[in-house]
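The structures come next, written out as structure tokens.
Both complexes below contain chain A, partnered by chain B and then by chain C.
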Partner chain A sequence: MYINEECKPIKVANNKLTPITTVQELHHNLQLAIELEFATLPTYLSALYTIKENTNVCAYNVIRSVVMEEMFHLTNAANVLIATGGKPALNNPEFIPSFPTKLPDKEEWFTVNLRKFSPEALATFKYIEEPAELAHGLITIGEFYENIIHGLVHLNSDSCVDLFPSGTCPQIEHKYYYGGGGIISKVTDLDSATFALNAIVVQGEGMPTSDWDPDKPLPLEEMTGIWSGDHPLFMQPRELAHYYRFDELAKGRRYICGDTHNSGPTGPEIPIDYSAVYNMITNPCSKDYENFSELRELNHEFNRIFTELLNQLHQAFNGKPETLEPAVGTMFRLKYAAQELMRNPIPDSPQEFYAGPTWEYISASGW
Partner chain B sequence: MDWLDEFYHLSSALTDYKVVQLKGTGVGEEYLDVLSTIIPQDILSELFDCYRSLKVQNSSKPKEQLIRDAILCDAKLGPVARNIIKMWYLSIWYQMPDDWRQQFGKPNQGSPKYQDVQFVVSRNAYIQGLVWEALGSHPMGAKQPGYGTWSDKPTDKGSVISTAS
Partner chain C sequence: MNTVDEFDVVIVGAGISGAIMAEQLGAKGKRVLVLEAGSGTGDRFWSSGGANSKRDGYESYMDTFFTALAKIPNAPYPDNPNAPQPLVTDLEPITPNQPLTNGYFVQKGPLPFASTYTRAEGGTTLHWLGTCLRMLPEDFHIKTEFGRGLDWPINYHDLEKWYQVAEKNIGVSANADEQNYHQIDNPSVQIPYQDGYDYPMEKIPQSYLDRHMAKGLQGMTVNFDGKTYPIDVVSTPQGRNGMPRGSYRPVGAVGDPDLGQRCAGNSNCVPICPIQAKYNALKTLMQAQKTHHVEIRTQCVAYDLEVDPVTNHISKVHYKQYSDPNSSDHVCKAVRGKVVVLAAHAVENAKLMLASGVGNSSDQVGRNLMDHPTMLTWGLMPSPIGAFRGPGSTSGIPSLRGGDFRKNRAAFRIEIGNWGWSWPEGAPIGTVPDLIDQKNLFGKQLKDTIASVYPRMFRFGFLVEQLPDPNNRVTIDPNYRDQLGNYRPVIDYDVSDYSRAGMAAAKHVSDMIFQRLGVEGYTEYNPSDPGYVTYQGQGYTYNGAGHLVGTHIMGADSKTSVVNREQRSWDHPNLYLVGCGNMPTISTSNPTLTMAALTYWAADNVYKALADM
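Here is the complex of A and B:
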């Protein structure tokens, strides 16, 4: 189940991730976490924005709900980095991968592409959100965070390390996050840091339990592994974990009471129309537009807005949280610029491909 | 070249928006559908021919004055071109002027999708009207600009870019 045509799983040695033993390594891993969370956004948004207006309403809302929560994850990881005296860095070209890519947490068993909304895109989405319990021998996002939490515990027990120093930059407060599950919490010590990182994992992969049984039905048993952690953690309405939300779309059916991981969703059909989608070229790159000056300019305009957004986020995570307010405006402009590109056919494309944004940070010289 | 392509190029000259921006609204085909339902085919054909000959004679994008003289001042083509501009900016089809209708209009045969009366082209077209972007505004309640952005001046749009560190 972990193999598709383009990527074969890589079995990782028993000791999958290197234990974190220094604050520097911790900061490096938290920076990777921010990059990891951010890297999911172009992937999800590319599919989301190719959905034609007023079509695939359910799929649109599901993908959007996950996108919102990825931003929550990014913020939580950034808050832990800030609380431990680190500085998130988002304002450079290396922050964002060039697609196709592997995720930066050493999950090398699948490739992430920018694709239009399609069964292939949903298959990748499920790989990204794969619960650790299912991916035997493979690294998942959950295990990546578990390794960070172990590092936090280890460093916190070291009396020579001031793991949560005073005088760090202001963190992002809960008031800046709305429209998705979870609540941003302030990180001040080991418990609050662990809580923030766990909140990430249980939204994506579901509630982890040591004796998780993939045949336990939903929702009669609380710990089925299918629910996201928003209900037990934040007293928010019950919602499926990201993996299962995407699974519903992939299978075209809802999970209902009595369904299990192994049964899959057996509820009502979800109407999905893969033809009501702009035919965006997979992994758009600037070379696709080199002979078309207007498309090139449109893509450049997108990248300017994207760069502006990364600069604003960088400021927000480095002392000026209030920059998040104008950043939300930039996010909407980014959306409209992406949709503008995606509605444009690439001239003379034999496959009748449409354009799409290339998601590049423009350094000062390229402005 | 089919009419859609010609329609985009003419529209680009009439609205001063790039073809990719017009295609980027996603509603160009609807506008052409409205236009070709209401305006007699021979007049539309003449309009596209006229613009094409301007392009052939005067580089790829003819100057504004040439378009004014050859198209907008023309009693037959001018009102059609003005309606195309209004449709792109306001996403509304305005009834053709009385004298134009008497001289050039044809009664609709059967019950076509669109009649020559004033109407909003579609729910989505309203959101895509060029007027909003041109104003530095947004279609209220239909296309979110982000919390608090309504207090920014339209000219502030570019200034945030300079925050790059």
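Here is the complex of A and C:
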């Protein structure tokens, strides 16, 4: 089922996660969680924004809804970090991996690239969201969070540790988040912290169960996909975990009621047109534009907006949640800047590649 | 033997009032049928199916909008000869004794009725702006207070709890401590809100222009009849998703609920919100269907209500069902309901009653048609104010909505428009080509001209009160019919001196504000404008607000009104009328919120009535 040579799973020798025994380790892991959730965004958004306007509407909306939910995950992880007295850090160059990259949670068995919307991109997306039950012996995002939850339980039972101290920074509230499944709830104790972290895993990989059965029908509601005897192109996306949403796009068909992991999607066809996509170069880097001042300038403009966004998010997670309001405006500007850049062919490119943003944080000295 | 389907409730019309009725009664287990004359998009946001089985979703309206030459309010919603709808572009000045017949309406004048509505599933909420103002307490009894118009058989306090229900279900973004107008130094406009009440979502952020105006007009007053009134800029409550309060969850697009959970500033509310962040009745219709007790039949035009001569009940609703909007082929069908609710819009409700000869013992059906004759003023601000951004309007000046002057002339609310000269001049789509074709601008010069002028464009809208007048009316005439043989509305309409005096006062206020803010005026009223009127030697032009009110007004007396305070026909025990047609006066608020509140109340009345049947 792995269609891309480059992405073949690599089983790393040291694939065990270290148990968390101190608050410091907990904070480190939650910061990693934030970085992990954020690291998925450049790869999803790169593919998303290469889709030409008003084409591939279904794929566009599936990827978009997943992106929105990644932001939900990021916020949940950040809220747990804030609630346990930590300080999320988003305003530095190290916060962002340089692509190609491995994910920061030791999921080292696949590589994440920035690619145009393509079967190869979807294959990577599926790796990112792979259910633990499928990736035998490999570390998944689910297991990474499970390890954090174990750490929380362990530290919470230690009477010497004030795990949820008072007077922490304000968390991000429910009212700020929209556009995907899930509701942000305040983290105040072990239960609410576990709830927040579980929500991440459930949305990504599906409900974690001990008796996972690949022949068991997926949890789709009866109405999904066959509402009113019709086959709406766009079903209730929330019913399916990210992994299966991407699987639908990869297979070009909808999952319908009764479908299982092993059956794959058997529902109506999803029209996908891989040619209605800007031919963005894989893993764009500033070197690609060194001879082309216009592309360099557009990419720099993108990175400036991207940096502004990270600074705003950093503020929002460090005492000023209301900064999220202008940050939403910045997210829109980021999209426009990306799309503007992606419309440009790279001159003299033998493969007729187009430009794409490099997703770099510009340190204060670089402005 | 022919069998006729029977339901607890048959509702004619799948707009907001029909949707509310269906959802409320379906949720309580009543079997409901909704007949919609126009076409629908079902529960689809995205169109589905291949070339042979294509089923249009909401996105198809966007496609229609993109290709329409004139971006008028009905531009996204395709012409349907079997359920025709009026268009702004139909309007022309009316020559005496020569009815204007080029659109759906037959306009006998003397002035043209300038407002339109949408005949499709979801109704006119598909293209409304979303303004959700409450009426002032004094608006419910202007006859008693000012000797003008009519009193309602209910008052503000009767309706208050239903306003709350409507605001929650529509999903209104606003702050109660502003909307009660307690900060305005004019007791006539202050509105009591229940202690501790607030809207489900925080107010939509006010535009840069709004804040610029508020600052520039701080402390400004005007004088009418020797009394001083303040000019206050206040944010406008909107049926548009903003930041939720408490546990409220904004309702996203039908068919793609992740979309539209917040207004994203597409600046296209009218004629179509591309993501459904703005409320439309499709949302309520979807909730209605989720009750599993509601069936919606689109492309079914009700044309006759049959009356049981013994009980005086409406015994059957006859309708014509068609499968292709462009073909007059149809089948005639009938259906029974224990209760029949007309929710087809003010004009269509009146038309159907007149065509059926029902409910008109008072001779008031079709009469008292009202709108807000809307006078625009426009100009260029001295500095850029960010025109063409954000929702169509995020603030207004409500401080002149009420006061003693209503004895002499109409009140008005001032709407601050965020979209430059889009309404008065069709900017930018209609005006930029002129820069190129007429002024021969191109390149840098063209860019510079646009950049120096367009961001400074500014306009006011003055929504002027119109009183109920029995001679402003909808009638039917066998000579005027549509493709299915159904009547076209014939309209007699005029604007009285009371409203014209309101327009004159509005122009006076506008002039003062323009002067104070240094606005370079470009307002022009031409005798060739369809809505051109004169008052005391001065000319003014009104436009339609899309607020069609009256036609089957409620009252305390069966001789002078069509429905009682329960919104039931005085003549037929099982016939309820809902919609803006029930409103005896229009005052200065956009009517949808009040109509929605009334409809929630009516649904409660129908539910109780069914228990006794």
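Quick note on the criterion: the second predicted complex is superposed on the first by the 334 of 367 C-alpha atoms of A that agree within 3 Å, B and C clash if a C-alpha of one lies under 4 Å from a C-alpha of the other, contacts with A are read in each partner's own complex, and residues count from 1 in each chain.
The criterion applied here is as follows: contacts are C-beta pairs under 8 Å (C-beta built on N, C-alpha and C of every residue); 3 or more make two chains touch, one makes a residue touch a chain.
Given the structure is predicted, the values throughout are model-derived calculations rather than measurements.
Novice: Between chain B (first) and chain C (second), which does A:P119 come into contact with in this model arrangement: first, second, both, or neither?
Specialist: A:P119 sits against neither chain B nor chain C.
Novice: In the superposed arrangement, which partner chain does A:N61 touch: chain B (first), chain C (second), both, or neither?
Specialist: second
Novice: Scan A:P19 for contacts with chain B and chain C and give back first, second, both or neither.
Specialist: A:P19: touches no partner chain.
Novice: Touch check for A:F332: first (chain B), second (chain C), both, or neither?
Specialist: Touch partners of A:F332: chain B and chain C.
Novice: Which partner does A:L298 reach: the first (chain B), the second (chain C), both, or neither?
Specialist: first
Novice: Of the partners chain B and chain C, which touch A:H314 in the superposed model: first, second, both, neither?
Specialist: first
Novice: Show which residues of chain A both chain B and chain C reach, each in its own complex.
Specialist: 325, 328, 332
Novice: Would you pull the chain C residues touching chain A in the complex into a rising list?
Specialist: Chain C reaches chain A through residues 42-49, 55, 57, 59, 202, 205, 241, 243-245, 247, 249-250, 255-259, 261-262, 264-265.
Novice: Give the list of chain A residues in touch with chain C in this complex.
Specialist: 57-58, 61, 64-65, 68, 174-176, 178-181, 183, 227-228, 230-234, 236-238, 268, 325, 328, 332
Novice: Quick one: in the complex, what on chain B touches chain A?
Specialist: Touching chain A: residues 18-21, 23-26, 123-124, 143-149, 152, 160-161, 163-165 of chain B.
Novice: Inside the complex, what are the residues of chain A that reach chain B?
Specialist: So the residues of chain A in touch with chain B come to 52-54, 91, 294-295, 297-298, 304, 307-308, 311-312, 314-315, 323, 325-326, 328-332, 336, 339-341, 343-345, 364, 367.
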